[in-house]
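Common to both upcoming complexes is chain A, partnered first by chain B, then by chain C.
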Partner chain A sequence: MPGSEVGTAPVAAEPAARPARGARPPVYRQRQLHGVAAVAVLVVALALGVDSAFSYGLLHSWLVYSIVGLGFYLVFSLSGQFAFSQGAFFGLGAYASVWASEGRSFAWGLAAAVALTALVALAFAALVVRSDHFYFAIATLAFSHIALIVFRELEWFTAPGGEIVGIPKPDLFGHRFATGQDLALFLGAFLVAALLLTALIERSPLRREAVAFRDNRQVAATVGVPVLRLRLGMFVLGSTYAGVAGCLFAHKSGFISTESFALELGIDIFLIVLLGGAGSMWGPVLGAAFVVWMPEQLRFVGEYRALIYGALLVVVVVAFPGGLVGLVEAVGRWLRRGRGPGRPVGTGGRA
Partner chain B sequence: MERFVSLFVTGVAQGAVFAVVALGFLLIYKATGVINFAQGDLVTLGTYIAIWAASDLEMPLLGAYAVAVAALFVVGVLIERFAYAPIRDRSIHVVVISTLGAALVIRAVIVLWRGTAPTRLRGPLGFEVVEVLGARIPKQNLLIIGVTAVCVAAVWLLFHRTQFGRQVRALAADRMAAQMQGIRVARMSMLTFGLAGGLSALAGVLIAPTRAVSIDLGFGPMLYAFAASILGGMGSIGGVVVGALAIGLVQQLGGGYISPDYAEVYPFVLMLLVIALRPQGVFGSEAGARL
Partner chain C sequence: MTLRATGIAVHFGALRAVDGVDLAVGPGEAVGMVGPNGSGKSTFLNAVTGVVTARGALEVAGRRVPLGRPGAVRRAGLARTFQTPQTFRELTCIENVLLADRDRHATGLAGAWLVRPAMWRRERERWARAVAALDRVGLADRAEQPAGLLSYGQQRMLELARSLAGEPAVLVADEPSAGLDDAETADLARLLRELPAQGVSLLVVDHKLDFIEEVADRVVVMQLGRVIASGLPAEVWRRDEVVEAYLGRRGAAGS
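Our next item is the complex of A and B:
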């Protein structure tokens, strides 16, 4: 597993630090890399354990949605930029990949998706860099609207009407990941890589700076946070996650149309991050699982699904800002408090 | 020449509808400092209520319009109570998500109630046209322009000649100081959300006769009203109205003379340029700096 290699790196680099273990930054105590390893094990177990084509479909969707959710986590949760553009970059990645990989290997498509989404995201962010909160939100909303029209009209890049069918499954070094199991492992590797990169950001000063920028832009600038670089960097990185996820989505589904990237996708991305818990990098992974699996469990609600999603969005932001991760943490705190009679009751729960 | 006149009048009429929606944004923004992302779906809901009152209840058309405006006032107040009031002190992001959730609920309710098949709303003038300089202009377009002019004048009077308007302007100038002077923030925000709801319904019944009515009816006007607000700098009524007319004209003339495929794109390109070059808006002063 790539997770364990990186996990041992900081310890090996500073053997002298062992006695003073408490001196390591407290963020390391969150064991993000253990979490990444756990997700990797879970993905492999699911890929080997699941057997029906239907379940593989859900598994693939979960993996792809987790990646696009992680990107939105970087843009929205960490650096506080309210971007409606995540769905548009997802679409851009999908079309770029199909365009570049036609008659060639999947790697070309992936490279094109990454390069194009990163370039467009950088150009867009640089264009609207002077806007704040509402203006930025509206600009990204307009950007997604423009993107949908371009997907529909720019036929040499997409296809007439933006509809493409028969996209081949991804391949690497001559091997085509065509079975459900192969594809699940392939997509899982991308999720683990995305989680790993996110975990490294979480453990680096970047997270602190991003949060400072999110909570108070003026103060962050005053204390020397490189505000411009941070803002552009996080937006470009998060949008590139979306581009990669879009590329994977196109090749796993084999079919894309502009409908795939319309308003519903944007709403799903919001739900993934907010429902999972905007305060944690594990939120999008949990939220994606919810958004993918829950509709199948709730088939009986049928046409009321959209109503429930909308109401859920309001209830979650109003009443449970921590999302599912917040719920899990609250239960954990409650359990610890009940178990430790020797500890002072008041501080035990809060620590 | 006919072509230009025809495109011009259509552009002004479309812009006028965007101006009505944008006035709703402006009212709420001045009184509360937030933007209601459910506004577009309020436009759609108002239109469907008018269709329901006109066809199912067989009310006269103007009566149906009045029912829609009154109902949307109530819906606006409800949105304020459920999606804004509980989180007034939380971050702007939370408010945006919450109004977005309200928008989803409204959309879902419309689909459950009226289905997804496109429908129509009659205009009071039917499909009559007048000839102006050789161009055939639908009378509905002239009606839209006239009603909007009255509406803009009414909102201007409300802002500058009433106690309510003075309080809204006080809140916009300095929220804290206004609160300490005893302005009832909760009542003001309820009233402005209600008025914005009523304006949305008005915009809906004005624009609906010019196109097919579907669940996405209000989305475009909302985006263009955003663009108009940004062009106008979110400050003054005049700025917003001029911004909205500019958006309508750019859309129609761009679509008519450059390429109709990208007609919807031109206004947003203009808006992005304004954000890039002059974020405070073309007519804005320091008002936009708070955004």
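Our next item is the complex of A and C:
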């Protein structure tokens, strides 16, 4: 969780801030937009620089899982809702998109994925609005199981057994993004858009309201924060990110089955956010890179791969409670050391 | 009446924590509420602020407000502080105060994504008000620090600033002096005493009788979930039933 250092670090008192004309309230002085631009440059560089089909495969997966993770950042990290349903919404987006885009353009599929995941997420959240914490988590777990059964059994919507092959690559304005490079740029555009939308939330009053809701709902309500709207809104929003990612996943893979959306995916999504650093919107991007890339790097150890990967996860989580973002920040502080006082720590994890 | 609670009752199983309490706070009035531990003071406050389920009727600033709805009570003009200060530790002090601003335009997704210029404009106004509120409690120089770094007394002050930033018609304070040293208590009393003149009515629960006497025009004494006495502070302390209920042992020793 962000701000684990709070209470330990002395912070130099800043002079009273008076809003001058053109001055920006503190929450808008963060540099998320620079980060979004940096990711955009990185994605283009990777899309142009990578050459093997295998590397393109990893790159595509990283882009898609970053978007799911980013959605989960909104649901879990920012507004504190323990949801195992992110994988199910990912699946719903995938099936909805394939269903709606059959014989039509990809845009129909995307629109259907957004609309259907948003609607179902809203209906589900409204249904369980009285369950909190663990009860909410269990409800989302049940939802995931039901979703899997629906994917398998509702054949007119999915396919017999929930297995669909031969899904066409995405197309836009008559251009089909069929090559590895095209597809990477296409998916990268979605990640950049998702990051931009998230950054705009980070730089808005919505962030502080979500954090207040997360940290103490009752007090947030007595202060005047619209807790119900926040709760439903953030859940629907984050689930819709998952729906979009699912739609992209289906079209980039060309093949989906219910196994792609089993509970393991939900756990992986948790991992992506926690490993990357739950306190920052950049956490899911780093976490997804780790979860996609690291197991492949461990192929050389053969049958011990799962064991070593698991051990590595434990080491990262124990050694860096702030996740990979915390590690990056620590390295940054270490590099800046000796060049005057660095940025104060414990400012609420707004890397 | 700025605050009128009628027949407020809270039952936890067979326990009648609050058993039909009537209480009214007039415009510009400061009412103190005292009573031994377990007499139902805090539960009564929780009931009128919508935090626990209760029966009865509630009016804030002349408007009927449903019980059990913290948001509705807040919108009607009642703000509260808690027995242990409840600040959002990971937010900065100014963000804590900004949460309570009554101007809620462009605070949602539309403000974040669509109407950002309007959001910035509003936010600058909210920011100026929040700095003023922090200034009032002496925390303006801490505006951009996480609330978690504040001392206990400062957290109390921050909570108070947050409550006042919402421009309430009535402020309900639950043991605001608990955990404060003498100097801090004096500062707090001075601040609270100014409120009625500024149009904020006050309902203060506290254990320190001299503090209550300094802040409140009128005192209500509770015991076992009921109001047993009400009147001017100096006069109420002398009543037999109050001495017996609240200061039982000292009363017995003195007689």
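Rule of thumb we're sticking to: the second predicted complex is superposed on the first by the 291 of 351 C-alpha atoms of A that agree within 3 Å, B and C clash if a C-alpha of one lies under 4 Å from a C-alpha of the other, contacts with A are read in each partner's own complex, and residues count from 1 in each chain.
The working rule: a residue touches a chain if its C-beta (ideal position, glycine included) is under 8 Å from a C-beta of that chain, and two chains touch if they have at least 3 such contacts.
What you see is a predicted model, and the numbers here were worked out from it, not measured in a lab.
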Which superposed partner A:A212 touches (first chain B, second chain C, both, neither): second
Touched partner set for A:F134, first chain B, second chain C, both or neither: first
Which of chain B and chain C A:G310 touches, first, second, both or neither: first
A:V227 touches, of chain B and chain C: first, second, both or neither? second
Partner, of chain C and chain B, that touches more residues belonging to chain A: C
Chain B versus chain C as contact partner of A:I201, first or second or both or neither: second
First, second, both or neither for A:F82, with chain B first and chain C second: first
Which superposed partner A:V331 touches (first chain B, second chain C, both, neither): neither
Residues of chain A at both interfaces, chain B in one complex, chain C in the other: none
Residue ranges of chain A in contact with chain B within the complex: 76, 80, 82, 127-128, 130-135, 137-139, 141-143, 145-146, 149-150, 153, 263, 267, 270, 274, 303-304, 306-307, 309-314, 317-318, 321
Residues of chain C defined as touching chain A within the complex: 49-51, 70-71, 73-75, 79-80, 82, 86, 88-92, 94-95, 98-100, 102, 104, 106-109, 111-113, 116, 119-120, 123-124, 126-128, 131, 135, 140-146, 148-149, 162, 166
Sites on chain B touched by chain A in the complex: 35, 82-83, 86-87, 90, 92-94, 96-98, 100-109, 111-112, 219, 223, 226-227, 230, 261-262, 264-265, 268-269, 271-272, 275-276, 279, 288, 291
Touching residues (chain side chain A, partner chain C) in the complex: 2-3, 6-7, 9, 11, 13-19, 23-28, 197, 200-201, 203-206, 208-209, 211-212, 215-216, 218-229, 233, 237, 346-349
